[in-house]
Amino acid sequence: MSDVSTLGLRQSRLFTASEILGYLVLAVVIFIVIPSALDAFRLNLFGKYLTYAFVAIGLVLCWGVGGILSLGQGVFFGLGGYCMAMFLKLEASTPENTAIQSTPGIPDFMDWNQLTELPWWWVPFNSFAVTVFAIVAVPMVLAFVIGLAMFTRRVSGVYFAIITQAIAAIATILIIGQQGFTGGVNGITDLRTLMGWDIRPDNAKTILYFVSGILLFAVLFVAHVIRKSKAGRLMIAIRDREDRVRFSGYNVANFKIFVFCVGAAFAAIGGAMFTLQVGFISPTLVGIVPSIYMVIFCAVGGRSSLIGAVYGALLVNWAQTTFSESFPELWLLAMGALFIAVVMAFPMGLAGLYDDYLKRHVDRVLAPVDRMMIHRAARRESEKLSATRATQPAE
Amino acid sequence: MTKRPDTETVVTGPSRRGVLMGATAAAMTASLFTPKSLRAADFPTAEVNTTGLAVTDDAVTIGILHSITGTMSISETGSVQAEKLAIEQINAQGGILGRKIEYIQEDGASDWPTFAEKSRKLLVNDKVASVMGCWTSASRKAVLPVFEQHNGFLYYPTFYEGLEQSPNVIYTGQEATQQIIAGLDWVAKEKGAETFYLLGSDYIWPRTSNKIARKHIENFLGKKVLGEEYYPLGHTQFNSVINKIRLRKPDVIYAIVVGGSNVAFYKQLKAAGIDMTEESPLLLTISVTEDEIRGIGGENIEGAYACMKYFQSLDNENNVEFVSAFKEMWGEDMVIGDVTQAAYLGPWLYKAAVEKAGSFDVDKVREASPGIELTTAPEGYVKVHENHHLWSKTRVGRAQADGQYEVVFETADLVEPDPFPEGYQ
Amino acid sequence: MASTTDYLLSVEGLTVSFDGFRAVDNLSFYVDNDEIRVIIGPNGAGKTTVLDLICGRTRATGGAVQFKGHDLLKMREDQIVHKGVGRKFQNPSIYDDLTVFENLELSAPGSYSVFGALAFKRTGAIIDRIEEIAEMIFLSDLLDQKAALLSHGQKQWLEIGMLLIQDPELLMLDEPVAGMSVAERKKTAELLNTITKGRSVLVVEHDMKFVEDIAHKVTVLHQGKILAEGSMDAVQANPKVIEVYLGH
Amino acid sequence: MFDGYTTSELSAIFAMQGFAGLSLFSVYVLMALGLAIIFGQMGVINMAHGEFMILGAYVTYLVSIFFAEYMPILFGAYFFLAMILAFVASGLLGMAVEWAMIRHLYKRPLDTLLATWGLSLILQQIYRSTFGAREVGVSIPDWMMGSIALTDLVEIPINGLFVMAVTLIIATGVGVMMYRSLWGRQVRAVVQNRTMAGAVGIDTGRTDRLTFGIGCGIAGVAGSAFTMIGSTGPTAGQLYIVDTFLVVVFGGAASLLGTIASAFTISQTQSILEFFLSGSMAKVLTLLTVVGILMLRPQGLFSLKLRK
């Protein structure tokens, strides 16, 4: 039995020194380096890339940590985006702005499709509070239903991936087919203001970039807490030995449903920010292709690294923009080669490169800091822990 | 406004000689042989460009924004080629206000957010003076707010559903009524069609077009619609709908199928024993240009009728020149469809508008645009309407086995564009 | 009916078929409190399948499994665990990416729900318990080692430790000494002898020497059916058993 | 639902819809057979499967041009040569891809998904650079484009029959190879126990390469056949990929018979629904049904219940 001071060492720490450093560097990159290095246009692009980072973080939890590969994250991203777009569209469709329509006051695409009143399920989106709630809740409910159906039936691995892909296909066809309610293939476009605040000018985009950044850190924090909790360790256990976890008394399906729902919520937040940044949402964000790209962001970043996911999303998108601007006719070759290279040569992505080449040095430098943190935490925890001890120390 | 007396609103198109000299000699041709060329020195940059566009003393930069990757690249390639041809010809004539046109091409990648991203890049980063671009309605809707916010100027080439009139867009293709109504009138009158079966790919253009078609058939012609159906974009199995058509026995199949589905639809129609040359039922489409026939195969669509404003086979001097120039630049086996021709008009209309305005400033170009006429358009005389669409004729062509259309009907007068048609809502 | 509730575990008429092949065929046996029962039999006799059926890993086609009066066939794996049944797999089944400490921690009972696991905080009691178990399974010094780095034998012990920390009333072990060195096997036998006190154990094992050391009662399976049952000596003397093991 | 149809029309509906369903069935089987081998037997998620099909279509296009140019007399028969060449071309490319890429990824099946996705982007761009962004028109011999009129209402397309015949031949061929040939035995051995198969002297590397090649080759033949009913363009392959995976998964990945049964079920469901609903809704309902059934029976329609 260990004595009181080493007891504290056993307490799991929420942050290690190198993790704190990682988040600090990311914060510097997102809040200082990128905004100061780029003009308003490029910054807005990075704002768009950041919204994909939300999805990638969710995928790290689902796939890297939990072993659930979803090829349908675009559905959740899109749902979040559509919820936000519905609110903005209603705000933009005042009777004055739409006076030219046969039925003024409803979104333009409804009017084109002979709708004469707002469908009942659009009505709640007049309220911003309801919209914010729906952005997170609607995708989570869908994820819950899918998860409940699939995970309690033990659909896993490749099968789960392919079924989610089919769901993405269904969602796209539905959105396109029901264009009177959804705007069809065009999506919901021409969004102007958020509660009276014009989202289109450059300074609004800059503000939205920082809002995305702050939200991203909030999401990162939540993901980090989950990752570091016992539930996080259980997800890794489930990924590696699902059976063993069952025979340790856990209902594995519940944990999978949970993490799938969290991933869906993250994706939806990203989607909502996407709508604000870009000014519209469309079914091209929902289907199979964007969903696969989202997985690739995660893979390039290093599938089980939260910070890596953010860099992965930024890097792949930046590469795509750069390649396609420089070689508009051939950029696909470069992207294809990038994906193959990542899978073949760097399966652990950017995070793996970091682990292989940089981590050693960083850890050496940080070692004294880490020791100090451990001891300080240990002292604090030891007092608390010894109080919760069942038996007195043997000595 | 610095309007010069010698700047006419009617602009000569490509001079025959310039075209024959070919691309390599273009620059020289411009300065030596083109009589009407304007000299940049007469239009100081500070005067013609007061808003910081990418206009220098000897060049003006415009953007080309189409999908060159992804599913839409099938359709948009022709537009890119036509725009590049027009730019080259204009440069050969001395450019716009004596300035050579340079272009920056971006790839919309068949993805609407990418279109928005690239349009912003062109307007904000590159400060292009105008943009030739977009094909699908969705991509246009995606870039529209960007153009309105940054006051850009877009020439949009595709026939589309209408219901739009942006101060920042010139629509060089037809809006829906221009394409639909005359064709339906013709088929009812000349072919005695009583019953129609409407069919389309599932998105806004076919749906809106069919809505207008249905209203026209039922309310204005007093005929009957037997069925209306939509299939997802990219759908490749049409046997079921072909069976339905066979049972309903309509006089006319009105088809607005697009993209890869098109090929599948016509091949399966042919294979199912529906011989379009027999015209029972007769097939009328507004979505198959010569470009699409290349994929479908002329023998598979022979006998179908298409309602367009332009066919490659149009027999007029402008068109003969245009077709030969296009083939010289892009290859003998090229075909030219309606949208390709409309895309070709973009740079020419822009040149005309700038020279009428005597300025590259978007506001002035916009103001100058209505009323611009092109006598040199391959489709014949066109004119820009107050509502930013073109006055143009509607024509009906009959598909031949060689992949060309034989023009069987054309409206006597230009059809007025009416993007918000009364009675069709 | 009385018989089924008197025993800790009663298996009656248990049957499972895979595409017509009856891997376990109308099997019945009973395990007492504190009994160590060993199931032996040639390859393919259905030994592992029996364990799988009891712990819910494979769904039975027919029959009944009663544990302390609960019908296990109607329950999910985790519910069966909560009733007090622990299961060790043939190949060491541990979490490679986690440390030994974390492996044991995840196996400790409590905070089974998602939100329980999210809110879980290590207490002194749990840390002490883990260290106590680590001591028993000879892994005290390796608590912070990633489990992937353990030797095969150590992995087997770790999995046994993960079961111990659950404190099950019925412990099911599938070939606990397979692939172990002689020294490791001896240590394991000792370990099993200490940990089996106060609980019933169901073991599937090939190693006859080991079986002799620990078994109270032996059940011999052959082609999914019981061939013989009784003490080790009685079973070894049984001509049918000799026939099956040595006959071919 | 049946209002306004006479009895003879109704029977014609059923006859023709049945045939439409059968053609769709053949299409699905052709698409899925190659994938069933690659995904079902090898566990590789080949997202570039559609691009292998399109390679077959382009080969057919080239052969048709060659015949039209140099051997117009034999044009009516070029299709048979085209199919063989399509098989060879896609198969060889498949083997090259297996050698360069896939063999390093057998232990990471989900990673094959990402790598082959990258491959599909590259192939699309190569097609686009080589053949142009536009669709190419493959001219089909006249005898294949007609139809046989059974009654006034019922007409059977010849190319539909042709596709069915090709499907039948290939499906039988694959079945025979899989269950009768040495290769088939080796494939099944490698699938079931790679180490053991290697130990008994099977060259597992070669078997893998051959299997992947044959799977891709069949995709090429499918692509060749599809030039009769669909379009040939750089991105046309993507149209098929989701449906193809669903057919294979729905059938129970490891079973060829399952793949065929699932293709039958899905195609009939879809073609019946298409008749009574609009095309989009029929597609949605079909996909939903498949997903729904997969949730109830995650292992697919036909899979062995295995001892774990």
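All chains are identified by letter, namely A, B, C and D, in their written order; residue positions are counted from 1 within each chain.
Definition applied: a contact is a pair of C-beta atoms (placed from the backbone, for glycine too) under 8 Å apart; a residue touches a chain by one contact, two chains touch by 3 or more.
Keep in mind the model is a prediction, meaning the values are calculated, not measured.
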Set of chains whose contacts include both subunit B and subunit A: D
Between the pairs B-D and A-C, the one where more C-beta pairs touch: B-D
Between subunit D and subunit B, distance of the C-alpha-averaged centres to the nearest whole Å: 37
Averaged-CA centre spacing for the pair subunit C and subunit A, given as whole angstrom: 41
Chain centre separation in whole Å, for subunit D relative to subunit C (CA means): 47
Averaged-CA centre spacing for the pair subunit C and subunit B, given as whole angstrom: 75
Subunit A, residues touching no fewer than two other chains: 173, 176-177, 329, 332
Residue numbers of subunit B (touch at least two other chains): 68-69, 202, 230, 232
For subunit C, residues that touch 2 or more chains besides their own: 57
Subunit A residues within the subunit B interface of the complex: 39-41, 44-45, 48, 100, 102, 108-109, 111-114, 173, 176-177, 179, 184-187, 189-192, 200-201, 274, 278-280, 282, 284-285, 321, 324-325, 328-329, 331-332
Subunit A-facing residues of subunit B, complex: 68-69, 105-107, 109, 111-114, 116-117, 120-121, 124-125, 136-138, 141-142, 144-146, 149, 161, 163, 202-204, 207-208, 211, 230, 232-233, 420, 425
Contact footprint of subunit D on subunit B as seen in their complex: 68-71, 73-74, 76-78, 202, 229-232, 234-237, 239-244, 246-247, 259-264, 267-268, 270-273, 291-300, 403
Residue ranges of subunit D in contact with subunit B within the complex: 5, 9, 12-13, 16-17, 19-20, 23-24, 27, 124-125, 128, 132-140, 142, 145-147, 149, 153, 155, 157-160, 226, 228-236, 238-239, 270-271, 274-275, 278-280, 282-283
Complex interface listing, subunit A residues touching subunit D: 69, 149-150, 153-155, 157-159, 161-163, 165-167, 169-170, 173-174, 176-177, 288-289, 292, 295-296, 299, 329-330, 332-333, 335-340, 342-344, 347
